[in-house]
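After this come two complexes, each holding subunit A, first together with subunit B and then together with subunit C.
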Partner chain A sequence: MKGRKGKKRRKEQKGLSRYEIRLGGSGGQGIITAARIFAEAVSEHTRKFVCQSQSYGPEARGGASKAEIVISEEPIDYPKATKPDLLLAMNQAACDTYFSDLKSEGILVVDSSLVDQVPTSRSIGIPFTEIARKEVGKELVANMVALGALTCLTKAVSPKGVEKILLAKVPKGTVEMNRKAFRAGISAVKKLGDLDLPKPEEVEEEL
Partner chain B sequence: MSKKKSANRYFLQGNEAVVEGALTAGCTFFAGYPITPASEISEILSERLPQVGGTFIQMEDEIASMGAIIGASLAGAKSMTATSGPGFSLMQENLGFACIAEVPCVIVNVMRGGPSTGLPTNPAQGDVMQARWGTHGDHPIVVLATSTVQDSFELTIKAFNFAEKYRTPVVLLSDEVVAHTRETVELPPREEIHIIDRIAPSMPPEWYIPFEDNSRGVPPMAAFGDGYRYHVTGLVHDVRGFPTQRPDEIEAFMKRLFRKITQGFNEIQMTKDFMIDDAKVAVIAYGSVARSAKRAVLDARDRGVKAGLLQLVTLFPFPRMKVEEVLRQCRAVLVPELNMGQISREVSRVNQGKCQVRKLNRLDGGLITPEQIMYELLKI
Partner chain C sequence: MKGRKGKKRRKEQKGLSRYEIRLGGSGGQGIITAARIFAEAVSEHTRKFVCQSQSYGPEARGGASKAEIVISEEPIDYPKATKPDLLLAMNQAACDTYFSDLKSEGILVVDSSLVDQVPTSRSIGIPFTEIARKEVGKELVANMVALGALTCLTKAVSPKGVEKILLAKVPKGTVEMNRKAFRAGISAVKKLGDLDLPKPEEVEEEL
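== the complex of A and B ==
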């Protein structure tokens, strides 16, 4: 009896009910912060289960940094991403290291200001760092530009929901800067036009 | 599967859940020294404890931290410290003092790669035997292992409850993955949580015999300053707390230390099982690896292997009864660990030839993946 129940569970999981995102870059780029805000927004504003984990070196800056988000309809067992549906690479090293893990129909998003060589023509290149520098005036917020793009691409949670969490999490005095960066990321994706992407179910608006 | 959104839904990190659990259990004293990956526990408690009238002290090192929580507990506070492998080593001497003086306290060890400074930001499970046998001398100890954020909350409360009920230090083993993973949790309402406080003496101070045996083997504990004057020492002591050399008193004392934990086996030895009823092969896992194992069991069942999972929540006293049941039922068990085989050795010890015990060890700083476990399950 239990076995049959298990098979049913697995079928549910094989659908889009488990959605995995991986963000990679170098320490200090704020990748984990971006992942944390995104995951918290999904947890707060939808009914889905979400699990965010991370991996980084002992250095304060530099070294490889990775953050992963798993979104699921049911409680999450394995907390890490095995076959990401979306990979966001904030530098060349992350792109090279993690591309092979990406699902065949998965989306690769790269910071085109830092990644010169993309392994596939099906990638989406957005110059996060350049946008942060030119439009906000600080490269520091490239992660928030990326967060904006991530929100727009996955459609797992509404941009409003993410922005609310974002504004509550960032230090006082940097709110405007972060908001601007986040919105710049959203409009950068909108400029790309119709992308026809696979996405995790409908967005639940609860704001 | 969509469920009603409840007000008790939070998005927490394992370390944050430990803090919430500790505060819910009534912890009012924390002394510690920051160390990755346990620092968040200190960081958050330094803010939260003063808000509830508690005390937070950042000590000069982990030796002193352990000393401070023992002192606070003797003065009546529920106390805790949190550290990782290197700090846990420094705590061992005083941990023995807490065992022999029967001082309730909770030590959270968020395991990282070792030995020494090792891999500060990577998960490992190398401190299992240190938790059991790290301090010198023959002693009983309670060691729990958390595997999810939800667990971290619930087991921290359990750790305090066991510490108070049995007057013993309790070690809660977490690891980097559990500690730093953030996830959606539902915390039960406060009134549904059972909190245990130590039993205070009910007799007048002049009648109080601080270490006198009773049916539970756990003497009532007076707080320093309550008017019950008694002697606390790391030497083996008689019922009044003074050092003794008399063999009859020594034996009675040591036996009571063990007996009080043995009598609580039913409650203390906690396990969780998953699809174990009809299992022919089983995974015995704990900590973050149990999460990979759960997924691996589902994957293996998809491939026609009757797999199951026995998750050890309590590592010591080793939940022998439950493990033996699984060993009798299955033709093989797999023990995946982030060390060279510390619990698998315990499993082999109780196995006594009942079935095949296989190890799966990972030491490269990564978490064992469900695929690794599943392929082993297909092979055995």
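== the complex of A and C ==
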């Protein structure tokens, strides 16, 4: 009995061993770039395994597109997010299309500037596009606002770690704009107060 | 019998129904960017399904990194390239690490500026890095030279289709440099003459 209890506690401390994220939006919203930066940051700054992927089908043209990230403490055999723990929907089409795949206890995050009809009360609405426009002056960086929120909500990797990768990836001349957007996303989540969310293992140590 | 023959002919005309590509190199060589552009071009300009992914492990740091593309006429369930039809190795470490996964009749393409020891005679050597340095003046765009070669070797999508995506993705101010590198990669393959390679379905029609 002692052994089992010990195991249980260890499991609790470790958090979830596999964590699936799906970002959904339309083609021009930069969700793949956000997913790639996030995945590289987790890889670079934690000891976890990460797989990042996107699928394109002929039917995707003009419709909802998606990018996925799977984080695990073990090597990842199946890299698709079949039952996301977190779905971030950047528009109504993505919310409608992908909501049914979300794990029952999963978190839905929507861009409340663009998603009016939210299919669950267990959701977090943040106006990514509006924040990008009002605080940075460019709707284009709504993806970086979303990246900031994603970082803050999942706690899979530190904001500092993500920002480092972000600044190395974006074109010169857009660094300040992207940093500002990213930080605005973090602030927006902090303003929501204490959320009790399932999340991947806490960041123990930055590498 | 007539039916079976007809089916066989159709299969030959259609080419391979699933085609796996792996690009291997080191972190800074831009293989993920090349893979992403290629995948988006196939998606945008053909009727095929595409999945593009990258896996990162704690062990990947500083070593060989990879990006994968799976192209299929049908929806893709398993998005990893377990037995690549084409492996493009941008350095010796990638060649050494990934060669054993290559399908027995698969094609190995190496950056001959950086890979000295090639494990098979069934390989194509193109000096991507040297071409980038000599013809464009920037080693940084070796990935775009490789993208040109990949496009020309696989014939999965037209060079024009890939170039269109490429020009939309790269930062302003680097468009000419990237275009030049991409075209240099195409020329390098054309100079090799007629290669009898297995390839995905020919491009029938640009969309």
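Note that the second predicted complex is superposed on the first by the 181 of 207 C-alpha atoms of A that agree within 3 Å, B and C clash if a C-alpha of one lies under 4 Å from a C-alpha of the other, contacts with A are read in each partner's own complex, and residues count from 1 in each chain.
One rule holds in what follows: contacts are C-beta pairs under 8 Å (C-beta built on N, C-alpha and C of every residue); 3 or more make two chains touch, one makes a residue touch a chain.
These numbers were taken from a predicted model, which means no experiment stands behind them.
Within the superposed three-chain model, A:T82 lies in touch with subunit B and out of touch with subunit C [touch as defined at top].
When both complexes are overlaid on chain A, the residue A:K172 reaches subunit C alone and has no touch with subunit B. After overlaying the two complexes on the shared chain, residue contacts for A:K191 are found with neither subunit B nor subunit C.
By the touch criterion stated above, A:E73 is placed in contact with subunit B alone, subunit C being left untouched.
Under the contact criterion defined above, the residues of subunit A that touch both subunit B in one complex and subunit C in the other are 36, 39-40, 43-44, 47-58, 76, 78-80.
Interface residues of subunit A facing subunit B in the complex, by the touch rule stated above, are 2-3, 6-7, 9-10, 12-13, 36, 39-40, 43-44, 47-58, 73-74, 76-80, 82.
Per the touch definition, subunit C reaches subunit A in the complex via residues 32, 36, 39-40, 42-44, 47-58, 60-61, 75-76, 78-80, 171-172. For subunit B in complex with subunit A, the residues that touch the partner chain are 1-3, 5, 9, 11, 36, 119-122, 177, 180-184, 275, 277-278, 288, 291-292, 294-295, 297-299, 301-302, 306, 367, 369-371.
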